[in-house]
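Following this line, the structures themselves.
First subunit A sits with subunit B, and in the next complex the same chain sits with subunit C.
For the complex of A and B:
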């Protein structure tokens, strides 16, 4: 048999039934490896093409990374639909199932704390963008002289600053209102246009840990906010439910730090 | 959640589809990368690989799309929507442009005149050579 390496996708409490996983990275078969008290969602990757040097070489290869990231995510997405799962960061590689079991044993306190934290909850993502409407302001072109132009320009800039402050205040209110219906919430760094591929400027990149019992209420609130924000030049979009990526480990603390 | 793995319909989606565009299969690559590379728990085992964090990946992407044509191919065109960058192109009409050109020419003429007056013959020859 060809040489393999263990990849772990996420952690579940060991008694949960997950039967029909989608294919994992490199189309490998995915299953739950039971260790003492915890289950690790794993598959065996061929060392040929997915060894350490391949990961390092492809670290910035967007098409390779994108494909692998989607496969990792699809497995976690399936698991989170059917169980409480703590997602592991990509990649989580181990020489053998034995070494994985030993590693999990050492980290079991953290893992069990995270499992408890997200039990019965899912992550929803809400983004807000500034629409072109919020941007339009007086035009300083066509001024008679350089001096007039500079004065008009300065007036434009100050109007823009006011608009920017209003938008920022509204976005803070949106985030807080959604937080009221959530168990936890976090604001991530808005995505760069190079990454998002969107022309609109992103104002809010929020993640919300919502109890399943509150999901309907949460989505209804998103709908209301989306309707009322559009007139103010803010486009609101929601996606989910996601595995609780943003509410395990220290993700939340690091996001808060990054925004400072 | 259902136990058969079928995603639940988005509540309210039919009432107002505008704000609920995201069926889970349409999760953007940016969202997936942001999460799987930067979030989730790290349990260090016997093999440790740290992929680029999302900031570095974004910088790499920026370099990748540094060419405008390449960026457009990838559907990235934010600068075309930026008021500061497009205002002149959109809003200056032909008359204004003609006016600006005339004023520029007049200014250039005056600069040339004054430099000729101040610098004498040697520099004027230099300037003429430069124009050839």
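For the complex of A and C:
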């Protein structure tokens, strides 16, 4: 048999019955490997093509990385629909199942804490963008003389600042309102327009840990907020449910750090 | 607009959202094969290099050098 390497996708309690996983990275078979008290969602990747040097070589290869990220995510998405799962950050490679078991044993306290934290909850993402409407309201018509120009320009700048402050305040209110219906919430750094391919400026990149019992209420509130914000030049979008990527490990600390 | 948003299928997940979460979120358990933080930065910056417009590439390269 060709040499393999262990890839771990996420952690579940060891008694979770998860049978029909989608194919893992490189179309490999995925299963739950039970260790002492914890289950690791794993598959065996061929070393040829997925060894450490391959990850390094493909670090800038979007099609390779995108495919791997998608397969990693699809396994976690399936698991999180059917169980409480702590997602592991990509890449998560181990020499053998034995070394994985030893590693999990050493980290079992914080993994169990994470499992408890997200039990019965799912992550929703809400983003807000500044629409062209908000931009236009801060721009005045062209001016005739130099003096008029300077006055108009100063008025423009101050109007733009006011608009910016108002938008920022509204977005803070949106985030807080959604937080009221959530167990936890976090504001991540807005995504770069070059990466997202969106022309609108991103105002909010929020993640919300919502109890399954509150999901309908949360989504209803998002719908209401989306309706009322549009008139103020804010476009609100929701996606999910996601595995709890933002509410496990040190994700929150990283987000806080990124916003500084 | 007032309808509760529909849940998506995996095909619709944007690459940037995927990368944000799969590489930027989740738990790190240091195994016996360690891909350090520098490598993860490379992954992210690598993505920027490919997608970013030409004028931003230079900046990304200098960031990459600083993190190395």
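Keep in mind that, in the parts below, the second predicted complex is superposed on the first by the 251 of 260 C-alpha atoms of A that agree within 3 Å, B and C clash if a C-alpha of one lies under 4 Å from a C-alpha of the other, contacts with A are read in each partner's own complex, and residues count from 1 in each chain.
The rule is short, and it goes like this: a residue touches a chain if its C-beta (ideal position, glycine included) is under 8 Å from a C-beta of that chain, and two chains touch if they have at least 3 such contacts.
Because the structure is a prediction, the values reported are computed rather than measured.
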| item | value |
| --- | --- |
| Superposed partners subunit B and subunit C on subunit A - clash or fit | clash |
| Contacts of A:125 with subunit B and subunit C, given as first, second, both or neither | both |
| Which of subunit B and subunit C A:20 touches, first, second, both or neither | first |
| Touching partner for A:212 - first (subunit B), second (subunit C), both, neither | first |
| Touched partner set for A:200, first subunit B, second subunit C, both or neither | first |
| Touched partner set for A:50, first subunit B, second subunit C, both or neither | neither |
| Touching partner for A:59 - first (subunit B), second (subunit C), both, neither | both |
| Touched partner set for A:88, first subunit B, second subunit C, both or neither | both |
| Overlap of subunit C and subunit B interfaces on subunit A (superposed complexes) | 5, 8, 10-11, 52, 55-56, 59-60, 62, 65-66, 69-70, 72-73, 77, 86-95, 99-100, 103-104, 107, 111, 114, 125, 188, 191-192, 194-197, 216, 219-220, 222-223, 226-227, 237-242, 245-246, 248-249, 251, 254 |
| Complex interface listing, subunit A residues touching subunit B | 5, 8, 10-11, 20, 52, 55-56, 59-60, 62, 65-66, 69-70, 72-73, 77-78, 81-82, 86-95, 99-100, 103-104, 107, 110-111, 114, 122, 125, 132, 135-137, 139-142, 188, 191-201, 212, 215-216, 219-220, 222-223, 226-227, 236-242, 245-246, 248-249, 251, 254 |
| Complex contacts: residues of subunit A adjacent to subunit C | 5, 8, 10-11, 52, 55-56, 59-62, 65-66, 69-70, 72-74, 77, 86-95, 99-100, 103-104, 107, 111, 114, 125, 188, 191-192, 194-197, 216, 219-220, 222-224, 226-227, 230, 237-243, 245-246, 248-251, 254 |
| Interface residues, subunit B side, partner subunit A - complex | 1-3, 5, 7, 10-12, 15-16, 18-22, 24, 26-47, 49, 51-52, 54, 56-58, 60-62, 64-65, 74-78, 80-81, 83, 87-88, 91-92, 96 |
| Complex interface listing, subunit C residues touching subunit A | 1-5, 7-8, 10, 13-33, 35, 39-40, 42-43, 45-53, 56 |
